[in-house]
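Below are two complexes that have chain A in common, paired first with chain B and then with chain C.
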Partner chain A sequence: MHSEVGASGRDRKGPRRRAKLGRALLAALALLPCLAEAADTQPRVAVLRTSRIGPFADAIGALETALRADRRQPEILTFDLEAGGDVASAMESVRRSAPAVVVSVGSLATSLALEAAPPLDAPIVFSMVLYPAESGFLSGGRAITGASLDVPPREQLSTLQRLLPEAHSVGVLYSPRETGAVVAAAKPVAERLGLQLVSEAVDEPSKAPVVLDSLMKRVDALWTVADGGVFTPQTTPALLLAALRSRKPMLGLSPGQVRSGALAALVVDYEDVGRQTAEIVGSILGGRRAADVPITHPRHVTLALNLRTAELLGVKIPPDVLSEAHVLVQ
Partner chain B sequence: MSAGAVRRERNGRWWSPGRRRFGFAGILAGATSIVIVVTCAALTWMLTSRASDEVSRLAIQHGRTVAERVAAESELGVLAGDVDALAQSCAAILGRDDVVSCAVVDVRGRILAASGEGLAAWGTTDRLERMVAVVTTDPQRRLWQIVAPVRSENRSEMREELQFDALRGSRSGGSTAVGYVLIGLSRTSVDASQRRLWELAVKLATVIGLLGVAGAVLLARHVVRPMQRLVEMSHAIAEGRLDASVDVSSDDEIGTLAAAFNQMAASLRDSRARLFDQNRRLEAAVRARTRQLEEMNEELRNASELKSEFLATVSHELRTPLNVIIGYAEILRETLGERVDPEYRAMLESIERYSRLQLDLITNVLDFSRLASGRIGLDVTSFLLEPVLAEVAALHRDTLARRGVTLQVQVDPAVERLHTDRVKVQEIVRNLLDNAVKFTEHGSIGIFARIGQKPALVAIEVRDSGAGIAPEDLQSVFEEFRQVGQSSTRSTGGVGLGLAIVHRLCEALGGTVRVDSRRGVGSTFVVEIPIDLAPSIPAARSA
Partner chain C sequence: MAGVKLEPTKRPVAAVSWYVLALAVVLLGASLAGAAPPPAERELLLFDEVVVSAAGKRLQVESDAPSWVSIVTQEDIRRFGVRTLGDALALVPGFYGTYDRNYEYVGVRGFLRPGDYNNRILLLVNGLTYNDDVYGSAPLGYDFGIDLEAIERIEVSRGPGSALYGGNAIFAVVNVVTFDGTTMPGVRPLAETGSDYRWRFQSTLGHRFASGPEVFVSGSYLSVDGPGKLYFPEFDTPETNGVAVDLDGESAGNFYMNARWGDLFLQGGVNRRDKSIPTGSYGTVFGVPGTSTLDGRQFAEVLYQTALRPDVQLTARGYYGGVTYRGRYRYENEDGSLYVNHDEATSNWFGGEVRGLWTLGDWNVLTVGAQYDDHPDVRQRNFDPGVPPYIDDSRSYTNWGVYLEDEVRIAAWLSVVAGARYDDYYDRIGEFSPRVGVILRPLQSTNLKLLYGRAFRPPSIYEQYYAGDGDPAQFANPHLDPETISTYEIDLEQGLWGEAHGTLALYHYELDDLIDPVQVEIDGVSGTKFENGPAASAYGLDVELRQPLPYHSLLRSSFSAQRVRSQGAQLSNSPSYLGKVELLFPVPLGPFDVDAGAELLVVSPRKTLAGGEVGTVNTLNLNLWYETPLPNLVLTLGLYNLLDQRFEDPGGVEHVQDAIAQDGLTFRTQVRYAF
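And then the complex of A and B:
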């Protein structure tokens, strides 16, 4: 779900949103006088967040815990960018707090940080971001790195292979503009694994279920990429239902999709992503240049399973997979 | 029948014990009211129960729509076992549209979501499949249990037929039930609105029924009032009050009847008046005629008296010279005796005989005219019969001795004494004996008196062995101036009045006379008169 929020957030930038963010920042300004005292001795880390709940909260919690454990004792300043708030004034207070590192949690916060005018001086470390390269975050020549949510296609497809040893052809839906590159990159990966990746482009989300119906006749299983042009709140149930009606297994995007009928999904440990972020911040505070710190991928990924779907599809889960997996629906 | 009797009869009818206003009006109003009330009740029951059924039907239909909608939404949740989503869609409908419970089960009967009350004991999936078609009620009758199947397609199984199915335009054949949505629909609000419906209907029906009954009563009164007036009028007419009239001006049959009644009363009045008038005139005419008759009667009486006086005078004047002639002839015959020539002697006898005949004739004519005038006075006395008969017989003894005819007089001791008019009895017997002597040349004559055919009557019989009367003449011998048969010769004398006198005298004495006769053998005349003529018996009958 977070990936979808991020993706759609990038598409909906506007003055209204910035004004809202600014208003939120004004609230943060009230805290400035007492924070200014420690400015000389402690490095400051500005955390920009757009949501305080769910996976973001998990990641931020782990991030703060890890930073506090850092020997440099960075001062953590948290800025809430409220959707539709005064973004400009919020960024002004971020700048005035003179942080050593700006941490942007999520794709929306990252794109707001990158677009701040005048640009922020500090290097940007993003967190909880899907497809940072494909989102264009790395192309601006800015000092930026971070912890992505991308589970590499190789890992995803090999998991699918372990789960469904019989499957040979795997279908995937994508919108060319959003995940065309991801799918294109995944094709050779699949080939190396001995799988045939059949991709179908979707012009607009509403057509996705129809496209999926025809695709399902040609493939043994369905792989998914987090694509806002395919998965919307309206199309997701229809896509899940189409897959179930076709009695074809689907590797979904999230635990939510597994609960709603996907056979399985790879679930990222968000707290660990927070810790990965803290590690990157630590190395930058330690003097490394942001450009030199590589973007990380999730280290801890578990497989979520819906055994009821498995039963409906007649899929027999291999015991070793089952033992590692997290069963969401019995 | 008197007016009182009429009223008593009218009030005595079984449906109106003593009260007149429950008459025809009561029956009419009652019958109409019963029809109205029954119709009203039946219509109310029919319409309201149909409306009530419709209310539940709509509620159930709505519940089914809700259940089907939830079922359609639940396909993914049931297939994936997404209990949270199912619980959400269940919770979403709860509390709205009288839905009090919602549950989703899969085909194996596993409960995937359940919320609300009264979900216990919905039964097996087989039963659920049956309940899809039929709405059931829970044991407490507080809920309707509606079941909708959750259907899903299995497209993997129809890969080959897919195109074919698409052509047919039907894919529903491939869908199967993967679960069921169970909805409990509260009957409370439906029951309440049905109750309200019934209450309203009953109130409405009561009002309509009461209005109908009131209308029926008014109508009945309206219809019957003129009839009552007609009844009163006919009673008045029956009691003779012909001046009664009824005031009904309606334009219907009753109005026509009333008009006819009034016309009838008017014509009755008219004819009664005419009748009275005629009666009066008739009475006057009768009175005038009576007076005339009385006057005529008086004149007649006067004339009759004049005639009687004239006859009495004439008879005296006629008889006196005859008696003188007879007396002198007798003296001459006895004085001269055998000394005169037989020739002269025969002449003397002729004088004497014709003079006597003349006397008899006059006597008879006078007697008859006295009787015919109708004024017969009775002189009732008590007397012995025997001397009367002997006295009459003595008159003819010499004549009969000359002819050699015997005369016998015999009186039964039972009728020795009579109580009647002695002179008239003697006159009767004398006339009869005159005839017997006249027509009997030889043989015998007898006079016998005895008890008649009834004990109160005396039968006096005069029998002779004379010429007799021809059978064809027997009926007419009692008529005036009637002389019958060959014996009616001038030589025997008489004018034919003797038996007519006998007949009238017998009637005057309250008796009868009859004759029995055979030609050449003899005649028997029998007179029967009362032994005792009571003075109270009218003295005479008018002639």
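And then the complex of A and C:
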């Protein structure tokens, strides 16, 4: 019986293997200086976060996964900016790490990154931020871009139109300081769609239900903007109930609002926003200036529906809309 | 007369002052610190919250409530095939049910005392107190009186609620929120049948008029014969062989309505429920028909809510409640003939409440209110026809309370809720009930609640004055002190992976002056008397995980462990642990659109009153929901105790049985339609 792996066979291949091993070791030694140089030039990305879980965490997870797949193999450094924590120390740590790009996740982290004193040297890429322009993030002359959470008003209003083809006037509550610019920008968009956008300003959240009460008498449906001066834990339930009782369909802000009575909401894929952020970071690491990289809008958006609300309001959801929607309540 | 306390029970003024001072310090400190709270992160508006209303007498989100709030939705009721309010509460972590073949009881975190008629939980219907004023009882079976199909959701706030609601809110406040003309329009009838010759017909009707008013009505009739034969070994004699034949029947009729017109809300209802008793309770003759109870409730409420200013909301309500109980108990004369003893209670009461809600910006919500109830004629009778009554007690009483609660949002990650209520019952019991909750949100999906509360239960009229020289005798005790409870709790609510959500609660309860029936001998006559007993304490934890799954499926599981002791011994009917697994999932049956709800309930062994033990309860229920191709036509099939497990619940003091056998496999099927 012939054995291919006999003792004599091992003896015969031994010198050849030892020679190969020797060559590999020499090659590795020769490459060491190159590897050390590569480690020195490996770009660093500092991720500033205010939360480790929830949608922010989903986005950060997708961001990190995508960055690890980047050919430049950036080193990812994560900094926690917890509410009440020592933000100045955290920013100093960010500065010392000399990142090539700073990623700020959420409005709070972005605001803290922009307010850092002395200013951070690296360009800032925000992620998961609502209304970055209206928040003043783009107006300070800083190198900043990012992946926003803004679903363009045109997409929102046209969704409302598809849901409610017979609606002609759409109401919206806003606080001038927070979302005045968002609503102003939406008006011509609504006009182009053949809708009349009726806006009512709210100077403090507690007055929102009263203002909504008068607004609902003049409109066919309600649109919402993410405005902390309108929606608070105290006013949100009251606004949802008021809309339901007035039989006015509302395009809400979140799945939670849909479950609590809003007819529908556009829901963003937060992980994909994380991936969009990674693409922007990749562009900057590849040499593009932050100012040259456009701010992105969410590209994966689904429609959440409350069919019980639809039934209550007598709204017949068009079959094509229903087929592509994610039904939360039926 | 051993064990009777005669001293008055007003709390010392010094103690009250201490509480007020502490409250004032907390409020002042919080107010100063909260003058300029940082704004919340805007993106958080896109993330989820659940609306609740019970915990703070106003609409608020679950994470802001100063207690762990569980919600049982109409979706849960339908998809799990829930039959009674008691069944619905058994879905909630830390809650477990007991049935003595007459009334349903619910235990909370290991506490369920014999004969308490659920008077240690406060039951509300749209915020209106539903416990009666004779026994303080919260009806949870078919005596509840409101169809489950009329319920939008049930909000369960664990822990003491006396700081806002007054008496009886010892272990939990359960708020039943009904549908109205807006939220359940149209006509929706259903017919159901099932095991033991069960028939039930029910319908809701909701409508909103173009001019604004809306109305909602729900009514039903139930008839069920119950198991044809029930075997109780304690009565196994040659005459009956221990078998109660056709003695477990039940019938119930419910009517409920509400209406809303602008700021005005009206609700009311009436129900009657008749139940035959097969267990030979209270020493009645076993195996013969005629022992039964009739329970009836009627109530009405007018509520007006208006905004005096954009930041000031005023709520005023007036209400009426009535209760009727008629027990018929068959006993044997010395000559062997049978007679019927009548045991009855009736009461009608009236009350009102005014409440103000003042919102100061986004950071402070102040609630103040006052409540007054008048009970002009609470009557209890026990008599045999043709002879003077053994008990004929008629009395009146009043109770009133004032309360204040403030929620201060000091920072986006920190809120403090502090409040207190003072109650007066019977012009002799004054109770001060404070509550403080510190709610921390250190991370976006983390909610940490540090809670302290104190609550009380006034002795019921029944416990104080149900007295007569029958056989056995029942002794009055008009000097009963209220039960009190102090609770310390840490709740951690944590968003997990994806949409998964977990809750961990650690708690310690201290109960004083627990009111229990005890056997006493007074002047050579032995009988039963309610007395304040020794203190009891509990340590425990509840863990819950909610995990949404693909295909509209949902998994909820919970585990509860508790150690409830008094005088060094485990209390009766107190399981050491509870386990629940609830799964909602679609059933792939080809073209048929079937949804299923399965629940597995595990209750560990419980001590009985006689010192024995009932074994572990493992019940698996399965409910199928089929939306037929015909529009709006739904068929359901519920299989209860699917594995046909044999299990028992502990008996009460009125039972010879130390443990009472429960039903094996039963079923229920429904046809539902919506116009």
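To be clear about the criterion, the second predicted complex is superposed on the first by the 290 of 330 C-alpha atoms of A that agree within 3 Å, B and C clash if a C-alpha of one lies under 4 Å from a C-alpha of the other, contacts with A are read in each partner's own complex, and residues count from 1 in each chain.
Following the convention adopted for this analysis, a residue touches a chain if its C-beta (ideal position, glycine included) is under 8 Å from a C-beta of that chain, and two chains touch if they have at least 3 such contacts.
Every value quoted in this text rests on a predicted model; they were computed, and no experiment measured them.
In the superposed model, A:Lys207 makes contact with chain C only, not with chain B. When both complexes are overlaid on chain A, the residue A:Ala226 reaches chain C alone and has no touch with chain B. In the superposition on chain A, A:Asn306 makes contact with chain B only, not with chain C. In the superposed model, A:Ile284 makes contact with neither chain B nor chain C. Of the two partner chains placed by superposition, only chain B is touched by A:Lys217; chain C is not.
Shared-chain residue A:Ser260: touches chain B and chain C both.
Once chain A of one complex is fitted onto chain A of the other, the partner contacts of A:Leu241 extend to both chain B and chain C. Counted by residues of chain A touched, the larger count belongs to C, out of chain B and chain C. Comparing the two interfaces of chain A, the one with chain B and the one with chain C have residues 237, 240-241, 244-245, 247, 259-260, 312, 329 in common. By the touch rule above, chain A contacts chain B in their complex via residues 213, 216-217, 237, 240-241, 244-248, 259-262, 306, 308-309, 312, 329-330. Looking at the complex, you find that chain C touches chain A at residues 38-43, 45-51, 59-61, 63-64, 75, 182-183, 185, 208, 214, 260, 307, 310-311, 359, 361-362, 365, 411-413, 441-446, 494-496, 498, 552.
Against chain C, in their complex, chain A makes its touches with residues 50-56, 58, 82-84, 106-108, 128-131, 135, 149, 178, 204-207, 209-210, 226-228, 231-234, 236-238, 240-241, 244-245, 247, 253-256, 259-260, 268, 311-312, 327, 329. Against chain A, in their complex, chain B makes its touches with residues 75-77, 79-82, 84-85, 152-157, 159, 162.
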